[in-house]
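Chain lettering (A, B, C and D) follows the sequence in which the chains are written, and residue indices restart at 1 in each chain.
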Amino acid sequence: MDTYLVTVLNGLAMGSLLFAIALGLSLVFGMMDVLNLAHGAIYLVGAYVAVALTGDGAGPAMFVAAVLAAAAAGAVLGGALAGMTRATPHHLDQALLTLGVALVVAESLTVVFGSDVHSLAAPAPLDGGVQILGQTYPVYRLLVIAFGAILALVVYRLVERSRLGAVIRATVADRAMVSALGIDTGRVLVGVFAAGAALAAVGGVLAGPILGAQPGLDEKVLLLALVVVVVGGLGSVRGALLGAVLIGQVQALGVALLPEYASFLLFAAMAAVLLMRPAGLLPAPTAVRA
Amino acid sequence: MKAVETTAPAPAVAARPRRPARRGRAVAAAVTAAALLAAVPLVLGAYPVSMMTRMLAFAVLVLSVDLLTGITGMPTLGQAAYFGVGAYTAALVGVHLTSDGAVQVAAALLAGLAAAAVTGWIAVRAHGIVFLMLTLAIGESVHQLADTWSLVGGGNGLAGMPPVSVLGTALPAAGFVYWWVLAVAAAAFAVVALVARSPYGRTLRGIRDNEARMRALGYRPGPAKFGVFCLAGAVAAVGGALWAAQVRFVSPGDLGFEVAALALLSVVIGGSGTLWGPCLGAALVLLVRDNLSAHVGGHGALVLGAVFVAVVFTMPRGLAGLARRPRRTEARS
Amino acid sequence: MGVLSAVLRSLRRTTTISGLAVGALALSGCAGSSLDQSGSQGSGDEVKLGLLVPLSGVYAPLGEDMRDGFQLYLDQHGGRLGGKTVRVVTVDEGETPQTGVPAAQKLVTQDRVTAVVGVVNSATALGLRDFFHESKVPLLVANAGADAITGERSSPYVWRTSFANGKVGAALGPAVAEEVDGGVYLITADYAAGREMVGGFRKAFEAAGGKIAGEKYTPFGKTQDYQPYLSAIRNSGAKAVFSFYAGAEAVNFVKQYKQFGLADRIPLYGTGFLTEGGVLNAQGASAVGVKTSLHYSTELDTPINKAFVEAYRTKHGKAPTVYSVQAYDAAAALDKAIAKADGTGGEDIAEALGGIGTIDSPRGPWSFDADHDARQKYYLREVRSDGGSFVNAVLGELD
Amino acid sequence: MTPALRLEGLTRSYGSLTAVDHVDLTVARGERHALIGPNGAGKSTLFATVAGTLRATSGRVLLNGRDVTALSESERARRGLLRTYQHSSLFLGCTVLDNVALAVQRVQRVAHRFDRPARGFRRVQARALEHLESVGLAGRAHDTASELSHGERRQLEVAMVLAAEPAVVMFDEPTAGMSAAETERFATLLEGLPRSLTVVIVEHDLDVVFRLADRVTVLHLGAVLASGPPAAIRSDEAVRAAYLGAARTEDLFTGGAR
């Protein structure tokens, strides 16, 4: 039993990371109907920023600097993407556009950092492990869980309780209506795009000590984030959170309980959810669908 | 330098001529293209011919993706699964039963049809991105199965397929295999073209453009979508059998995500409103993947990404078709 | 998504021959029709060799090492093998047979090379077997480890300068049975190579009286977090673990093995790829103490290896890997074979490869066995810290 | 005689907002019934609920005396209950002919045939062209629907729904966006329709309403305010009184946002 508790804990750590990464993808899709295929590449930018700044084993100050630098880089990329996609009318074209940006970004990273696998150490004071239920558990992952919990609270308050959040939710539900009310949805969209991308890049830094950085990681992360978003429901913060926690547990607890079927668990879970609830578990409320 | 005009292994026939006047020209173009394609092995060496054989096989897969994505408006990332089912079926038949190409193709067709029927009812319930994700899930699961199932060789793949034979004659040389593949691919093209022009094809385009309106006109889109999903599965499987006939080896890599994504990319590049466009796209994509790379200095993706962006900004209508499928914003009102 | 890597891969393909593909098509158009089968051609004082290694995709680091190793041998011998000037045509194997098979077909049917060296992916090697067999062109496999390549699917034209998965695993079996007092847990990625290495180990290990405490096969290429498996290992009461992973999976597995506190309590054994090359750099201190079996280590204390490592460092600015040596030795084998062969056709070379005897390699002396696989020594290695960097120290020979 | 369409207490709510509030309505077979009311009166929602696009919160829809409330939109359409949309809902990637032919081939039960090209189905093609001619679009049969002007799209919408051979057809503001000439053509077309067909029409152009309608129902805040012959509605004090400050009834329906 104790084993499974630690596994659940670990699923929460992965869920926290997934939440940070998937949130931006979900909100951008919900608000703009843009499937941002560059999201994984932005994550990878964050991971490589961490490689560049913290290398192997740096202090907390450098780690925080990496987080900030990644957030800035992510925000810039996200803002640029928002501007480019807004200048493009069709959704498929927008997806192609983000794919083009993803190619450029990911290839640039390979040019700069090479195709070897890079790994990162957690900042020095968090590099060790603690005893939980008689098992060694990396302290750093506890920090990731804490980060995920705080992020969830902050975002929840921001999106569900503040005026800005009301505008965001309303934009997801019915963009035309919000525009008609005289609110500049453009600025909101760019802001959310940039913030979502910044979060993805920060996710890259935070996941660095766990997943490292290597070419191809962007695709794996994008795929996971897509699954989270689809399972949770497009455009909703609570959906992204639930989806992230669920997928985190499927990959941890599910694997622990059903190791023989580990390969199929992720997609089986997704298919099961979509069969029961085609719009995902907690989709954003939208305007009347005729 | 005859090779230049034959690098496009796609019969240049319009999917649905809009005016009768165009029909004559389309037929002439198709006959010309077919003649050029048939002449290829007489002119080119073994490698270009084997490459064009693979292009034809891949073009059949791309046709199936176009049937779903371009004509019915269901963007799919799972067709490689049925391509793989076809390839594995053909290889198993080749290794254990007979080297007869027709039997292999027929067996693959049935297997693809069955696989699509079993998985399709789940997928066609969904729309847009959710459909995309479900087909992706199907594709990944089948890939995983191929990777771990020892009966089909697991990750090492299924080797030992003898050269394909037609009417009792083995075809050892690349050129003869090419002709066989060309004949089957042309038949597949004809079938898909017929479907696209038929009333059923019209129904599918209606679903692509406005599924809600179809229901309001009294259509039941579900069965129509399921039908085309099965058909696309069968077509993809035929493509897989043709691929196996040339490569004589099947591995999980043949039904991986990369293949599915390249097929979708071919449709988008080729323009999904037509059938010949995606075939051309298929040829281009394989040409680039397997050959065109010597001169990009290792960093071609930078250039390619920039081209993507440029294409979107300069010719937004050039990649029509998919863009015409109903969008979420239109579904609301 | 996958499109990204696919396109990346396609655009990083390199060939030494020039000309765009369309041009290449047109050129080969002059070569005549495709309605007959044709093998390789040898002419006069020059031989053309194909190098088929991954230069894009997840195996690119291996491919680069192989290319560098092959090139080093050529440079050390004035660009000549067996007295003949060598022209190398390098193509990108990519990640799967989807790209590897066409690339090999191009080398043989268009570039008409005398022999092909390389191949990382086992499926690609197996898929190419019939093609090389029928084309009568020798293929020197310089990495792919599937047992069947030199087993049930062997061919007079397929030779291997690297290893068979089962043998690398088996080499460690008796040693672990002797060192560990208790059950051993087996864990590997769920694909052919993993199962073959673990299978080889298990057979030799159980034959030497060892006991299995449990086993797990993790989804290949899809597992980022090994904690659920590590918990299972902890609870199994195993006294040691045997594993095989490569690339990013090897890095994550070894790091997490340390992070979750297993490294301090349960010794980790594996086949050498677990801690080889760039992977070891990324693992860093986490890998210290991991013991592996392999047919090479940069730390081998022989004059020939020291000279090799030195020359390699000078030329390429980094330490060689087992992959470099495998390709280096493929060049060495071809050097001898071309010198012995009656001509420079594929059949001549293939026949000559059977009679080249022992090769004095940086890995120690080795020769081709009856199945055309490398008969060689395996070493027990342990990861140690060596002044800031990490190396696979050689503890001794395995038999 | 059984009424062609009968609504009994039909209600559609969104949370606390009731867009359609216990609407009772009876439309006799062959009747031309106009539905009027200011924007937001719930006319479009009513249509959507009757057609089955939206599920009714409560109440019943009876088509030729049969309860169809539980049926899906496509099943209702198969029983002859069809509608047009306030904003044209067409197949923009298809040709103009295909748009109409889609309706025809469903009626002729060949929608899933693929044994020969569509143009080989002569009856479908001919019927579709007839319908296009009736709205004056025959010359544009081979153009893509997206190339049509706004007014032409409205005409196509009309042709498409008539091609589906409805028993009851609901037009949602069919003349909005049509030119004067197009509106005249539409009115003439409607007048020429056989009396076996029942028509319900939401229309802002009161000239059209009073020219065509046998009966008029006024909807206000989701509920029926008044129902009767056009002359009665025109002079209905209740209708007039319900709208404070409006001098003439016509202003109520034509003023405001439009």
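Keep this in mind: contacts are C-beta pairs under 8 Å (C-beta built on N, C-alpha and C of every residue); 3 or more make two chains touch, one makes a residue touch a chain.
Note that the structure is predicted; figures quoted are calculated from it, not measured.
Of all chains, the one whose mean C-alpha position sits at the greatest distance from that of chain A is D. Interface comparison, B-C versus A-C: the higher count of C-beta contacts falls to B-C. For this pair, chain A with chain D, the centres built from the Cα atoms lie 46 Å apart. We define each chain's centre as the mean of its Cα atoms; on that basis chain A and chain C are separated by 36 Å. Mean C-alpha position of chain C lies 72 Å from that of chain D. Across the assembly, chain A contributes 99, 102-103, 106-107, 223, 263, 288, 290 as residues in contact with two or more other chains.
Chain C has residues 1-5, 7-8, 190, 219-220 in contact with two or more other chains.
Residue positions of chain B touching 2 or more other chains: 144, 147-148, 212, 298-301, 304, 333. Those residues of chain B that touch chain A in the shared complex are 122, 125-127, 129-130, 133-134, 136-138, 140-141, 144, 147-148, 212, 268, 298-302, 304-309, 311-313, 316, 319, 322-323, 327-329, 331-333.
Listing the residues of chain C that touch chain A in their complex gives 1-5, 7-8, 57-58, 60-61, 64, 190, 216, 218-220, 222-225, 227-229, 231-232, 234-235, 247-248, 251-252, 255, 259-262, 278-279, 281-284.
Within the complex, the chain A residues that touch chain B are 29, 33, 35, 84, 87-94, 96-97, 99-108, 111, 174-175, 223, 226-227, 230, 234, 263-264, 267-268, 270-271, 274-275, 278-279, 286-290.
Partner chain B is touched in their complex by these residues of chain C: 1-15, 17-22, 24-26, 28-29, 31-38, 92, 95-99, 101-103, 105-106, 109-110, 122-124, 126-131, 134, 146, 148, 153, 190-193, 195, 219-220. Residues 1-4, 7, 41-51, 54, 144, 147-148, 153-157, 159-161, 172-176, 178, 247-249, 251-254, 256-262, 264-265, 287-296, 298-301, 303-304 of chain B touch chain C in their complex.
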